[in-house]
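Letters A, B, C, D and E mark the chains in the order given here, with residues in each chain numbered from 1 onward.
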Amino acid sequence: MQASSVEISKVNKFYGPFHALKDVDLSIPPGKVTCLIGPSGSGKSTLLRCINFLEEYDSGEVRIDGKLMGYDAPGRKMSGKKLRQMRRGVGMVFQQFNLWPHMTALQNVAEGLIRVRGLPKSEAEARATDALRKVGLADKTGNHPARLSGGQQQRVAIARAIAMEPQLMLFDEPTSALDPELVGEVLNVMKTLASEGMTMVVVTHEMGFAAHVADQVAFMEKGELVAVDSPQGIFHAPKDERIWNFLRTYRERNAF
Amino acid sequence: DQLADIKAAGKIVTATDMHYAPFDMLVNGTYEGMTKDLFDEVSKEIGVTPVYQDIPWTAELPGLEVKKFDIVIAPVTITPERLERYTFTLPIADATVALVKAAGSDLKKPEDIKGKTVGVQQGTAQFKQLEAFGEKLGGVTIKEYGTTDEAYADLAAGRLDAVAGSLPNLTYLVKSRPETFAMFEPAKFGEPKYFAWVLRKHADSEGFDKAINDALLKMTDDGRVKAIQEKWLGTYTELPREVPAK
Amino acid sequence: MDLVSQYGPALLRGFGITVICWILGTIFGMALGLVIALIQRYAPRPVRWLIQIYIEVIRGTPFLVQLFVLYYGGPLIGLRLDALPAGLLGLTIYGSPYFAEIFRSGFRAVAHGQIEAARAIGMTEPTIIRRILLPLGLVSALPALVNFSIILTKETVILSIITVPELMYQVSRMSAETFRYVEANLVLALFFWALVETISRLGRRLEARITQHLIERT
Amino acid sequence: MFSIPVFLESFQPLMWAAQYTLLISVLGILLGLVIGTLICAARLSGSRLLRGFGGLWVSFLRGVPLLVQLLVFYYALPVIGLDVAPTAAAVICVGVCASAYISEIWRGAIAALPRGQAEAARAIGMSPRDTWIRIILPQAFSMSLPALVNELILLVKASSLVSVVGILEITRASQAQAATTFRPLEVYIAAACIYLAINLCLAALGRYLEHRTAV
Amino acid sequence: MQASSVEISKVNKFYGPFHALKDVDLSIPPGKVTCLIGPSGSGKSTLLRCINFLEEYDSGEVRIDGKLMGYDAPGRKMSGKKLRQMRRGVGMVFQQFNLWPHMTALQNVAEGLIRVRGLPKSEAEARATDALRKVGLADKTGNHPARLSGGQQQRVAIARAIAMEPQLMLFDEPTSALDPELVGEVLNVMKTLASEGMTMVVVTHEMGFAAHVADQVAFMEKGELVAVDSPQGIFHAPKDERIWNFLRTYRERNAF
């Protein structure tokens, strides 16, 4: 597996009059974990969605392994086929999971392997079972999403993404619905993937997670990328007061 | 020339609406009736086999015009307006307007419908006759129906006092359901009218028209028409030997 | 030209009656359909079965027959209606099961969580229906409702068999008298197209309003 | 009075005609589902041309009565040299007409699908075709089943119009029967029973699928 | 406002053959905060949903202020009217938010005030604006849920519940999508409510939250209620090894 790198430069995104991303510049090195933190509504999900072009950015560039994402040239969108080709290398775990309700957990995971990777059904299901086992769901493979708890749904979403073995993985708060124990397990899964050379971008509110796993941490606020630094730098020597304020309450609260 | 084409093909493609007793009927999926008996004989005279198709009335004339069929053998009442647009063969039956009533009704002769409600099929020659008759009597309410079936149903349901239609149809109706319907005495009123078959009005069809008419005349002369009429209508009415102008 | 002056007024009158029959039939049918769909959702099982039988029988048989039985068979059991009331009653009954099933379809698309959120704060069921179930259900049901309203316009032609003087009645009268079947069908097609186009336009306007909260799909 | 024997006797000729109703309906349904799906896809596609075409298709086919479509297709097209067999003409007209309605039903159901559903498929690079077949349609199908069954039942009944091209289906046969026996009430009710039997099968199939696909 | 108490005794719940709640006993004192923690899929949401009878329990009793919830007598469900009456005193924030997508944030919050509390529209909207301001959403009142970020949606859900001023509030992971700063703010809102005498049951994966706010903490596993204790007891002297294991990873990870 060849990890991907991502170059984001001067990306702007508007929702009608609302300026959701403001001249965002960010360089995501291959094979590393980049954590995206920041207040609610600061544009983290939007940025993530611009990377795999689920959200069309209005100006600027997103390049994956040097290739411009979504456009052939500025203002001219690329063909669906090319876009699909590029997206195959990019996995995503959605904040709202977006599981397919008419499929069981197993089918949710196997679907992409069969339709996109073109694996035979039996092999796809074996791999899917494996991915579900990794996130601790071996006994719920036959359940439809409606019959799973919140945390179980989130883990299916994670399994669905990692089973595809993308070179770049986008996680949008992948542990929000997980209990501490599971967060630990999922973390381990992610660490393994990172060590195998998968590039990861993780939006998270778990500072501990960011501190432990990230190679670099980016802090966003109000659509701006305020700072990018090592975890050490962000958490222990933040250059911006906003970061300091953001972290203070967390630190207070999580000690017990 | 149409006749030549027909002879070459060995068959005549016809269209008729197979629910017009006693002329055209589907009995357990097979076509029978007075038209069929007549046309079987006509075809024999011309020396070809007939192909019978059941086509709803609305589609028959458009289909005839685009040559989906050679002839419409549904009995059509000859009227001056229709003669302008289509060629009619010699008459095949009497179509003079008559009246039928519910079995228990105390109406007797046609004039009794004054002040009553009478049903009739929309846009037919019989409707025109009834209209004229009504005006002459003064005060007849006429209700128009899409098909005669509905008029009969409404007569049975009691909303109507009488239904006007062509004599052969009504005769057959009363024969089939004597417990429900009865004829007026006398049944007929108005001018004599005739049923005939319809061809395209085109030079091409003239030979074909003549062949049919010749066959009909020959059958009238040798008694076949009489036999068929008696079989289906119970009586024999002499028919004109020329296409009436109205 | 002759044709226009001779039959024009009657055709227009027929069209007017068609439109009125359609409007009333749709409104009454939709209302009855909604009631049926709601009964099906809330009533105890035996009632639901009865409703189900009603739906299947009315939906499964041709309008022509229902109308025929109502108008020509009714007097046999003492139910004697005039043509227009019989036609409207027939249209209402005929449309109701279709509308009911379309509403049920719409309700299927409403996520259960949204109903639960309303129940959890103690909202009454009528309020839930009005404020949550219907607005959300309509998103998916509206095109189908417009569909069926359009189908109903065409079913109105069957009213001619019970002598309601609507468009079809006038048209078939004209064609029977003149043998101008092509022109007659053209007139029929034109009038219906005008009516249907108006309905679809209205439908699209309504749809735009109902789905404004949704972001563009797929 | 209502005559039971006449009612019972009516069944035999009608049953014979029922096979044509069934033939036209089943083929028409299949054709309608396929074309309807394609038209819906066109209406929701990114291409303006396809969207316009889909819009016209729906507007035209819903706007013009099926009877007129049939008459034009069968009786007017021969003028320009296109002559089709009656059964083929019937199936094509019925199916094409149904496609307009079916596509609208799909469209409504798809509008109610959460946006994330298709996004999740697109994000892994699934092709539009697979996204439709595997993700969108199964859910839209399940949601819209009652409305879809409505449409199919209407189609079975609308197939009576194909008699104008000379096919003897149930309604036509019943009219013929009514005209020979002069007992329309009995005959029509018998015809209604046959339609009901066919449509009950459709409704039962719908119910079954509703249960199967419920989530 | 009179805080409610809840008595749960021997509650069992089955999903088909799956035994989701096993003889759960729990006493929730009035005006206190009870936190429910435990692994994913242990039945926390299910228990919460049994309290306001969104989920029908199969045996046992849930009593709110002494009144049996959902049943008139064992096996005989109460009338819809009575059920509604009881639910009016109980608020809930759902794990999946369940916002009404056809209403703006403001309408989502005002709806219950108008339809259930019977307030006039203007007053309801004033109160709704107030509640949204409390959770930091003053500038997004006109957005529909589809135009809100994950955290913003969650806050609308919280505002919707607190605006109703129930005597008993059920929170299902109310801060899962919130950033640390906001968690702090929402926490403050909750503390205020608690001090004003609202009873709260909070399902959470944030141990820090539980440690700081809870009056008592209940630990669930595999449908069983393993232990109920003070936060002190649960976090510092857990009586059960399962709790100990559960907490270990969390402690490790959240230090930074």
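Quick note on the criterion: a contact is a pair of C-beta atoms (placed from the backbone, for glycine too) under 8 Å apart; a residue touches a chain by one contact, two chains touch by 3 or more.
Everything numeric in this text was worked out from a predicted model, so none of it was measured.
J.: Any chains in contact with both chain C and chain D?
T.: Touching chain C and chain D alike, sorted by label: B.
J.: Give the chains in contact with both chain A and chain D, ordered by label.
T.: Both chain A and chain D are touched by no common chain, going by the contact rule given at the top.
J.: Farthest chain from chain E, comparing Cα centres?
T.: Relative to chain E, the chain with the farthest C-alpha centre is B.
J.: Computing the C-alpha centre of each chain, which chain sits at the greatest distance from chain C?
T.: So the farthest one, by centre of C-alpha atoms, is A.
J.: Quick one: report the Å distance separating chain B from chain E, using the average Cα coordinate of each chain.
T.: Chain B and chain E have C-alpha centres separated by 82 Å.
J.: Which whole number of Å gives the spacing of the CA centres of chain A and chain E?
T.: Taking the mean C-alpha position of each chain, the two centres sit 28 Å apart.
J.: Any idea how many Å lie between the Cα centroids of chain A and chain C?
T.: 49
J.: Just the number, please: Cα centre separation of chain B and chain C in whole Å.
T.: Computed from C-alpha means, the inter-chain centre distance equals 38 Å.
J.: Got the chain E residues that touch at least 2 other chains?
T.: 96, 146-147 - these are the residues of chain E that touch more than one other chain.
J.: Can you list the residues of chain D that touch 2 or more other chains?
T.: In chain D, residues 67, 71, 115, 142, 184-185 touch at least two other chains, as defined above.
J.: For chain B, which residues are shared contacts with two or more other chains?
T.: 58-59, 62, 147, 150, 153
J.: Each pair of chains that touch: what are they?
T.: A-D, A-E, B-C, B-D, C-D, C-E
J.: Show me the residue ranges of chain B that touch chain C in the complex, using the header's touch definition.
T.: Residues of chain B touching chain C: 58-59, 61-62, 81-82, 85-86, 121-124, 143-147, 150, 153-154, 156-159.
J.: Quick one: in the complex, what on chain C touches chain B?
T.: The touching residues are 68, 71-76, 80, 160-163, 169, 172-179, 181-182.
J.: Under the stated contact criterion, what part of chain B meets chain D in this complex?
T.: For this pair, the touching residues of chain B are 15, 18-21, 25-29, 53-56, 58-59, 62-63, 66-68, 147, 149-150, 152-153, 173, 176-177, 181.
J.: In their shared complex, at which residues does chain C touch chain E?
T.: 111, 113-114, 116-125, 127, 131-132, 135-136, 210, 213-215
J.: Quick check on the complex: what are the chain D residues that touch chain A?
T.: 114, 116-117, 119-128, 130, 134-135, 138-139, 142, 213, 215
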